[in-house]
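First subunit A sits with subunit B, and in the next complex the same chain sits with subunit C.
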Partner chain A sequence: MSRSRLLPYLLIGPATVFLLALFVAPLVQTIALAFTHDGAASLANFAKMVGDLNFGLSIRNTFLLVLTVIPLQLCLALAMAMMVQKLEKGRDLVLWILIIPLGASDLAAGLVWLSILQDRGYFNTVLNMLGLVDGPVNWLSYETPVSLFVGVVLAELWRATAIVLVILIAGLQLIPKEYAEAAEIFGADAWTRFRRITLPLLKPSIQSALILRTVLAFEVFAVVYALSGRNFPVLVGEAYAWQHGNQNNGVAAAYAILVMAISLAATVVYIKALATRPETQP
Partner chain B sequence: MAGITIDRIEKRFGAVAALRELSLEVADGEFIALLGPSGCGKTTLLRIIAGLEQQTAGRIRIGGRDVSALPPRERGLAMVFQNYAVFPHMTVYENVAFGLRMKGASDADVKTQVERASGLLHIEPYLERYPAKLSGGQRQRVAVARALAVQPAVLLMDEPLSNLDALLRLEMRSELKSVLAASGATTVYVTHDQTEAMGLADRVAVMHEGVIEQIDRPQALYERPATRFVGGFVGSPPMNFIDMPVSGGAARLGAFSSPVAAGDGLVTAGIRAEDIAISDSGGLPFDVVVCEPLGATLLLTGRIEGQLARVAARPDARVRPGDRLSLSPALDRIVWIDPQSGRSLGASPGAAA
Partner chain C sequence: MTGAPVSRRLRGLVFWSGIAMLCVWVLAPIYLIALGAFGGRAGVFRWPKSLMPWDTTLAAMQAFLAVDGVWAAALNGALVAGLTMLFSLLLGAPAGYALARYAFAGQSAFRMLVVLTRAFPLAILALPLTVTFIRVGLYDTAVGVALVHTALALPFAALVSSSLFMGIPRELEEAAWVFGCTGFQAFRKIVLPLALPGLAAAAIFAFVISWNEVFAASVLTVRNKTLTAYLLTVLAESPLHFRFAGGFLLILPSVVFMFAVRKYLFAMWGVANR
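What follows is the complex of A and B.
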C-alpha cells in the first residue's frame, strides 16, 4: 500500500484505539458483568436490581428530574439565546459569563449549591437577615422532599443549561437574518417570527441539544449526591451505591445497562419526534 | 395613494456617513432604480425605507403618512431580497401566502391571491414543493410572487436578479417589467447593474458615496450625464473622457476643434463610443491598441494623445492594432465637463432633474 493510501488509517488510528480501549471494551465488560452470575449467564443481577427497595424510587426520581429539568432548560436556553442574539455590544462577554457553569465539574457545582442551600448556608442567612425565618431551616433532608427536589432542579438548571444555550446559539447563527427580516416586512410581529420562522429553522439544533442534554440528564448523579446523599435516590446513584457500598458490581452493571437502554430509547424518541425533512432546511 | 417622500435622510455608521442628507420623491406607481457601485449607500437607503434599518436623521413618508418611526410591518410594503429569503420550511404555496396569512386573510382569499400571484410568475407547478427543490430562478419567482400576493402599494427590491446567471437575468428582467407594470405598485429597485436599471426603471437615481449624483429618465441619463461619475458608470463601454485645452471659446485637440462655453484652460469632453465617426483625417488622432469584435460592433480601444478611449466602430471596419485613425465625434452629443468639479457644464448644481 502506498503511503498516501495508508495515511487516512494512520490518522484515525489513535482515536480508534482510544475508543476501543476506553469505550467499547468497558461496554462489553459491563454487558458481560450484568448478564452473568456466578460465572454463568443469568438475569439474576436484574432480578436483584428490580427487587431492591430503592429501584422504583430511583426510576421515579430520575424521570421526575429529567421531565422537569429538560423542558425548563430548553425554554430558558431559548430565551437566553434569543436575548444574546439581540445584543449588539458585549455579546461575546455575556455569552462567556453565561457559560461559566459549564467549566465547573458536576461535583463542584453540587457543592456550590450545597453551600447555598444547607441549613447554615447562604440562603438561610439571607432569609434570616430578612426576618423570614428564625434559625437554620433544613431544606435538603428526606423530610422535605419538595424543597430537596427544587434544590436539585435549581442546581441542575444552573449547571447544565449553558450547554443547551451554546448549541442553540450555534444553530441561530446558521439562520440567515433575511428570513426574520422578510417575515417582519410581511407583517409578522416578534412572537410570530419566533414561532413561525426561528423555531422551525432551529429544529435540528433543538434536536441535538435535547438528545445530548437528556442523555446526560439520565446520568445525573454528582449534583444529587452532593445535595442529598441517598435521600433522593437516582439510577446512577444506585449503581454507585451497589458498586461501592454493597461491593456488588453485577447489580451496578445492571443499573448501567438500564440507564443506557433508557438513554437510547430517549434518543430514538427525539429522532422520530423531531425529524426534519432535509428539503425543508436552508 | 402611495408615493414615497425621502426627506433629508442621513445615516451614519460611527464616523462614516453612509447617506448624506439624501432627498428623493417617488411618484405613486413610479418605478425608480437606485443605481450605484457597492458601498454607495443604495441598499442602506432601501433598508431605511423598509424600516429594517433606522436612519440617523430625516423622515420617510409613504402615501403622505410619516412612517419614520414605524416598524416594517406597519409600513404597508413588500420586499424582494437579494438572496430570495424564501422560507425553506414552508411549501411554495405557504411562502406566497405568508403575507396574507399575517394579515389574517380568509383561506378563500389566500387561495385566490396565491393563485393569481403564482400565475403571474408561472410557478403554479411548484406550489406544493419546498424551495430547496427549486432552482435559483424559480426561488426568485417565489419571492416576487410572495411580494405581489399582498398587492403592495410599495414594492422594494434589493438586487433581485444579481444571483441569477446572465441568460436567466435577461429573461426575468423583461418578465419583471411587465408584471410590475401591471401591478401598479410604486417600486424602488436597487441594483449595481446599469443595464438592469436602465431597462426597468421609469427614472434612475445614480448614487455615489451617499448622495444621489443624478436622477433622470434612463435615456436622458445616458445622453446628458450631470457628472463625470454618472457618464462613467452608466453605459457600456463607459463614456470616454478626453481632456482638451480651451482657448478663445474653442476646445482643440489634434485637428479637432469645437466651440465650448468654457473659459481658457482645460475642459473634459465626454464622448460616447458610438457617437464617433472614423474618418481619414481632420479629427482626433487615435492610436488603436486592441480590437474586439463584439458582433454588433467592433470595439476599438486605444489612445488619443495618450488618453484612453474606446470607439464602437462598424463591425465590418478594417482596423488593426497599431493603426492611427482620425475620429470625428458628433459635436451635439459631446458632454462638456468641468475637470475640477467633475460636473457637466450647463447642468445645475445638485443635478436633480
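What follows is the complex of A and C.
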C-alpha cells in the first residue's frame, strides 16, 4: 500500500524540483540582485534605474501600449469569436487562418510590420496608388511618435489577438446552447443574449485571457525593437539594454522586479474585478 | 414581407465580408513579408513597390541562408526547441498523471506552484541565471536555454496532460490490471496510446514557445544563439532584406505547426484554464 501512496510524489517530484530550481530560485536571486549593491543591501539599483533618462519614458510607453492594446484585443477577439461561432461552412479553415499568428514570435511580428510600414514599404505603396503620398514617407522615426506607436499597436494586435481568441472559443464551447435558445424563446435579441448570457458565462475565460495577455504584454520588447530600435523605450527593452549594453545586471534586475510587481498587481486586479461565484457557472 | 429576404441576404453579405476581412488581416502581412524575404536587396529599395510576386527570386532567400551564422542559429534554435519539447513532456506528463489520478496531500500546493508561474514574467527571470549558468557550465549552451524555456512550457504541459489523463476512464486501466497487467504496463498499453495525440500537441506547443522566445535566449548565449536571439542581436546592423528573410524564416515553422495541432488547440486551452 505504501508504494502506491508514494507514487504520486515520485511523479510530481521531478517537476517540483525543476520549478524550484528554475522558477523560485531565480525569483529569489533576482530580488537579491536588485536589492544589493557592492555586496550590501541597498536601493542603489533602483535609484539608478529611476534616475535614468529612459525610465519615465519606458514606464509611460509600456503602460500606454498595454492600456491601448489589451482592450482593443479583447474586443477584436470577442467579435472574431462570435463571428466564427456563427459559421456553419468553412469554420475549421477560418479558425486555422485566424490562429496562424499564434505561432509568430514578437520579433517576427515586428519584422512583418516593418516590411509593411518602412518608408519604401507596402503601406506607402498603397497610399501612393491612392494618390495620397508622392514619395516614401517615414512613419517609424522618433520624429513621428504617434505613427510609430500606432505601428507597434498594429503589430501587437496582429500577433497576439490569436491567443485571446483561442481561449475565448475554448470557453464558448463550454457554454450550453440551451441557455441562449431559452432566452431567444423569451424574445431576447442577439445583443441582449450576448450581453446577458454569453458575456457573464464567459467571464472565467475572459479573466484568464486577460491575465495571460497582460503579463505577456508587460514583457513586450522585441516587436518594439524590430520596428523602431530604441526610439520607443519600453521596460523590458531597458532591462535588456542594461544587461547587454551596460553590463549592469543590478539595474536590469531592478527593472525585472518592477515588471514583476506590475504584472502581479494586474493579475490581482483581474482576479478581484472578474471574480465569479462557482454556482453561477454551468 | 418582400423586404425580409433582401435584408437577410444583405446581412449574409456583411457577415461574409467581415470574415473575409479578418482572414485578409491575418494573411496579408505574411504574404507581404514573404515578398520582402524573396525580393532581395533590389526589392527593398524599389519604389513604388509591386504588390504582385513578379520580382521575387529564390536566390534572395539562398543568399540569406548562406550568411555566416544563419544556418547554425536556425539549427541551434531547432535543437533548443526540441530539447524544450522533450524536457517539458518528460517532467510535465508524469505530474499531470499524478494530478489526474491520485488524491494526495500537497496536491493543491503543487497545482498552486504551477498556476503561479503564469503571473510572473518568467523569461525575465533568466537574468540571474546567467551567473549560475556560467558557474555550472550551462551558459551559452543549448541545454541551458532549453532549461529556461522548459520553465515556460512545463506548467502548460502539466495542466494539459492532467486533463488529458482525466478524460481517459480509470476503468480501462483497472480492467487491464484485472487481466494481469502491472500498473506500468497498463499505463503504457492502455492510457498512453489514448493520450498520445494530445501529448503530441502539447509537445509541439512547447516547441513553438521555445522557438519564439527571445529574451532569455539572448541573455543566456553569446555564440550559440537560437535563430530568434541571433536575429535580435544582429538586427541593428543588418540590411532590411536580411531582416525580412529572417522574419519570414521565423514564422514558417510556426505556421506549419499550428496547422498540425489546430484540432487540439481549443480543447487544450479550454481545460488548461479551469
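Simple rule for what comes next: the second predicted complex is superposed on the first by the 280 of 282 C-alpha atoms of A that agree within 3 Å, B and C clash if a C-alpha of one lies under 4 Å from a C-alpha of the other, contacts with A are read in each partner's own complex, and residues count from 1 in each chain.
The rule is simple: a contact is a pair of C-beta atoms (placed from the backbone, for glycine too) under 8 Å apart; a residue touches a chain by one contact, two chains touch by 3 or more.
Note that the coordinates shown come from a computational prediction; the quantities given were computed from them, not determined experimentally.
Counting the residues of subunit A touched by each of subunit B and subunit C gives the higher count for C. In the superposition on chain A, A:T267 makes contact with subunit C only, not with subunit B.
In the superposed pair of complexes, A:V94 makes contact with subunit C only, with no contact to subunit B. Applying the stated contact rule after C-alpha superposition, one finds that A:Y142 touches neither subunit B nor subunit C. In the superposition on chain A, A:L107 makes contact with subunit C only, not with subunit B. Of the two partner chains, subunit C is the only one touched by A:V236; subunit B is not. Of the two partner chains placed by superposition, only subunit C is touched by A:R120; subunit B is not. By the touch criterion defined above, A:I185 reaches subunit B but does not reach subunit C. Within subunit A, no residue touches subunit B in one complex and subunit C in the other. On the subunit A side of its complex with subunit B, the touching residues are 176, 178-179, 181-189, 192, 197, 200-201, 277-282.
The touching residues of subunit B, when paired with subunit A in their complex, are 50, 52, 71-73, 77-79, 81, 83, 85, 87-89, 98-99, 102-103, 130, 132-133, 146, 150.
Per the touch definition, subunit A reaches subunit C in the complex via residues 5, 7-9, 11-12, 14-16, 18-19, 22-23, 25-27, 29-30, 32-33, 80, 83, 86-87, 92, 94-108, 110-116, 118, 120-122, 124-126, 128-129, 135-136, 158, 166-167, 169-171, 173-174, 204-205, 208, 211-212, 215-216, 218-219, 221-222, 225-226, 229, 236, 239-240, 243-244, 249, 252-253, 256, 259-260, 263-264, 267. In the complex of the two chains, the subunit C residues touching subunit A come out as 15, 18-19, 22-23, 25-27, 29-30, 32-33, 35-36, 44-49, 51, 90-92, 94-95, 97-99, 101-102, 104, 106-107, 110, 113-114, 117-132, 147-148, 150-151, 154-155, 158, 208, 211-215, 218-219, 228, 231-232, 235-236, 240, 243-244, 246-247, 250-251, 253-255, 257-259, 262, 265-271, 273-274.
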